[in-house]
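When the chains are written out, they are named A, B and C in that same order, and each has its own residue count from 1.
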Amino acid sequence: MLNRRDFLWAAAALTGTAIVARPGWSQTETRVLRFVPQANLSILDPVFTTAAVSVTHGYLVFDTLYGVDNDLQPQPQMAEGAVVSDDGLEWLITLRDGLTWHDGSPVTAEDCAASLDRWSQRDTFGQSLRAATEAFEAADERTIRIRLSRPFPHLLAAIGKPHSSPAMMMPLRLAQTPPTEAVTEMVGSGPYRFVAEEYVSGSRVVYEKFEGYVPRQEPAAWSAGGKVAHFDRIEWHIIPDAASATAALQNGEVDWLEIVMPDLRPLLDAAPGVTIQKQDPTGFAAYIRFNSHVPPFDNVKLRQAVLAAVDQSAYMASITGGDPESWQECRSMFPVTMPGVLDDDFGMMPGDLDHARKLVEESGYAGEKVVILHPTDMVNLAPHGLLTADLLKKLGLNVELQAMDWGTVTQRRQSKEPVENGGWSIFHTNWPSASISNPATNANIRGQGAEGWFGWYDDPELEAAVTEWLSASDPAEGQKVFETVQKLAMQGAPVIPLGVFYVNSGLDASLSGVVPGSASFFWNVS
Amino acid sequence: MIKYILQRLLATVPVVVIVALIVFSLLFLTPGDPAAVMAGDQATPEQIAQIRESLGLDQPFLPRLLSWFGAVLQGDLGTSIFTGQPVTKMILERIGPTFSLMLVTLVFAVIVAVPVGVIAAYRHNTLLDNAIMAAAVLGFSVPVFVLGYLLAWLLASNAQLLPVQGYRPLSDGVGPWLRHLVLPVLTVSGVYIALIARITRTTMLEVLSQDYIRTARAKGASERAVLFVHALRNASVQVVTVVGLGVALLIGGAVVTETVFSIPGLGRLTVDAILQRDYPVIQGIILLFSFVYVLVNLLVDLSYVLFDPRIRY
Amino acid sequence: MTPMQKTGPDAALSAAPASKRLRPGRFLRRWPALSLGLVLLALACVMAVFAPLLATHDPQALDATQRLKPPSAEAWFGTDMMGRDVYSRVIYGARVSLVVGFGVAVLATAAGMAIGLVAGFSRLLDSIIMRIMDGLMAIPSILLAIAFMAMLGSSVVNVIVAVTISEIPRVARLVRSTVLSLREQTYVEAAITSGASTLRIIWRHILPNAMPPVLVQATYICASAMVIEAILSFIGAGTPPDIPSWGNIMTEGRALWQVKPHIVAFPAVVLSLTVLAVNLVGDGLRDMLDPRRKS
């Protein structure tokens, strides 16, 4: 053992070294921003996966033709503008000046058409667009032409969607990658360049300012406006343990913690030099997802019984550290923070256990087993499994909470078998509000049956309404159809809304200009 | 000697092959689907099926085993399903923290444990001996992550002396490197010190009762010389054997400690890979760890020559 | 650890009668560490058996309004993130730890002995079995157990299976080497030449001599299984969260150890004491059964 004096001396000496070695702000030319993302970045292709961390990474490296402003309306980003023919069947999108790929070559309409083609095979909104599309092509060097078979009024909203799988533009050779393979070479036209040599999955991701990026003149808002890069270098430090990440921000070892664990927030509130900022003002919407394909929840009455029983405050308290500012009730199948969403449960969510028990009785439930897939490694999902199991037991259902890791959930939920043969009845999920803001993108409520999202909710009437919404060109008419969709979805109860919660970021107080958005955006920050 | 080394090296081949077989079969039987994890939460079942096909995950057991095995024989551990990077590259990037942790722990534990064990044996049945042995049993009994949090709480959280998370590569300087290693090393070495100290004491007790020690004492050798030259040299074979076998403990300890202190090493890479079902990465790391274990124990066997002149290969 | 090998046929038995004559007071003075271990272990067993009587709350009862309360008269060890009573969970957690510890000790010992005996008596199977055992030994046991848990899914039974598999090789090796050294002994050779059946030789000569070291080994396996269960649960691959175990209580409080240390601290202390108890019993048994240590 070291003796005490030596030990203290060594510690002091080492602290001294550490202070000198710490990257400074003013004396060095390179300005570095150190960021702790919510999860490890393991897939680099933001079109391939819907993982939030890949989207955040994507916005650094890639750019989109359209972005959205703070009202979530599409605004030109790489595009100068778009014109649509009178019959609505041909769109021309012109690229603005000065767009360059990170390898130095200019961005062409051909690159972008190929990128749209690939994206439209991966993304749900993109697939809706693709179904109405004959071709994505280049009219000339700088003009993209999209030929449609039927009008698609939401085209700009689709290609400008901010989350998940935004339509990010890639050079032709990357855009030609089959949509079932992830792109691993990172050449984009976004404000930052991916430094492949320094990328260590699970530890560190590094970006450098792309000098060739020409930002727009408008002020930055959400994913639209001028993406002005003030930092020369952005380092992502992957710290999976929430306590360690919090300590790192407290000690000034990092500048920006993407997600502050609610229960650890008091530590940061007390820490000098740290500010807390709501990351996405539209929040995340949490749900119980039923398997509507197999008993017992193929019975709409039983789903409605659970819908009638849920108390959102318990669910929200369990993941927001009991902070009432960090969540709000959501009596809708769509996130109530999004435009056009009615805060109306159509009388289906009284939060009344006795009433719910009566509904269970009326449903003819006969003790069939309910299997809840319970991912213990997901902090925002695990508490909900326990609460739902507790709730269903109170309703007299025969519940089995099956604990597993998220990897197993993603496989188990693919099974359409009855619960006795390895099937499932319930899993929990949450979505960034912006990613499920309209009927086309909200996979939760789609009634495509066996073709649809896990749970295979089948509702032809609802699907007809979605198709109607997609082709409605008059906004007022569109809103009317949207409200019909909301009502049908509430009555069918393919999911149960548990509330909208907000996630806070922790920032070094010297940082300013962080743009709120459905992902962490690194432009405008100084 | 060289013939013996070659023989032993050859004998490790079936062990490593068996490890590879066990690991591969285990993972083949594991539920979970990397394609589904990759595609993200909103992917449709159809998209997942396409990805699975393009990854070759729809192939049956034998073709997959053979193609993997063939590649491994050529030194190719494959590429990660998720990042698309070669597994070898990923392992090399993450090996630094883990091997630093293991190596420093090994050295630290031996430096502490051997003298402690010798003293305990020398002061056999005294208060000191009992205290040392009590501490050793305690060291065995406190689970490694509990020790980790305890140390972090005592030394970092309250006293703010040391960083509680992260790792600095040696290229950042010896100071920061060691500073970040202090807590993890203390954590992992708990069990290891206990193990080595106990075996040192036990073996020394046996050696000290032998005739040649009495002879040495009678010849007027100093107590220090008797203990550390004559006795310890003879106890070394046993001690070194346990140091080698204990490398398994060290590996396990490193896996857990990396989680506690957020060290981006192989342990965390493994746990992450298991949670994501990144098969090639898991197979690669377990193979590597097993190889290290086998190799260390081969070295241990060979080192007997140094300690015991009667042993000849 | 290297096994302690017995030299004579009756090495194990000589210690037992001596200790039987000891009265409690003398036993305590003679084997203080063993006594402490037995007392602590008995306490843990009491916790496990009488959990429903000792607990003050339903260990599963969720209460969103009572999250993360510090220890108080109402909740002795405070509450966790879901508002559950930590004291009651710790009491019930004894069940998992003891079941896993004893379960693994018994199963691994039984399987290890069977495998070790087969390997020791069959030259043909010996090299195959021992290569497989070497392979299993070479895989770090924590990683092996995590991989098994990923395959089997989380449940207490699966934890026992996963940990047992990684512990079997240790027993098998110990038993095999005992068998091989005993076979060299003249009295065993004599029995073999006189035409005694293999089973009879095992029963009469091998088992009595192999038992004491195996018994000691079993206690260490028990302790190690308890620790591995906690580590698996801690990583999130062990006992399912609806069954309280010391490991998963700690997991749930892990991120909050700086602000709410009570969630981690209480199960940590109880777990450490229980593992300590088993280790003390193991050391005590080893000293009692080893003739060279009787001084």
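The rule is simple: contacts are C-beta pairs under 8 Å (C-beta built on N, C-alpha and C of every residue); 3 or more make two chains touch, one makes a residue touch a chain.
As the structure is a computational prediction, the values presented were derived from the model and not from experiment.
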Selected interface, B-C versus A-C, where C-beta contact pairs are more numerous: B-C
Centre-most chain [mean C-alpha coordinates]: B
Chain centre separation in whole Å, for subunit B relative to subunit A (CA means): 39
Centre-of-Cα separation between subunit C and subunit A, whole angstrom: 45
Chain centre separation in whole Å, for subunit C relative to subunit B (CA means): 22
Sites on subunit B at which at least two other chains make contact: 31-32, 259, 274-275, 277
Multi-chain contact sites of subunit A, meaning residues that touch two or more partners: 241, 247, 377, 405, 407-408
Interface hub residues of subunit C, defined as touching at least two other chains: 150, 153, 237, 257-258
Complex interface listing, subunit A residues touching subunit B: 1, 11, 13-14, 17-18, 21, 40, 42-44, 48-51, 54, 122, 124, 164-165, 178-182, 184, 200-204, 237-241, 244-245, 247-248, 251, 253, 377, 405-408, 410-412, 414, 429, 431, 435, 443, 451-454
Touching residues on subunit A, where the partner in the complex is subunit C: 241-243, 246-247, 261, 263-264, 266-267, 313-314, 317-318, 322, 374, 376-377, 379, 382-383, 386-387, 389-390, 401-405, 407-408
Parts of subunit C lying in touch with subunit B, wherever the complex brings them together: 1-2, 33, 131-132, 134-143, 146-148, 150-151, 153, 223, 227, 230-231, 234-235, 237, 250, 257-258, 261, 264, 268, 271-273, 275-276, 279-280, 283
Residues of subunit B defined as touching subunit A within the complex: 31-34, 36-48, 50-51, 53-54, 80, 82-85, 90, 93-94, 112, 161-166, 172-173, 175-176, 178-179, 259-262, 264, 268-269, 272, 274-278
Contact set on subunit B toward subunit C in their complex: 14-16, 18-19, 21-23, 26-27, 29-32, 134, 137-138, 140-146, 149-150, 152-153, 157, 195, 199, 238, 241-242, 245, 248, 251-252, 255-256, 259, 270-271, 274-275, 277, 282, 285-286, 289-290, 293-294
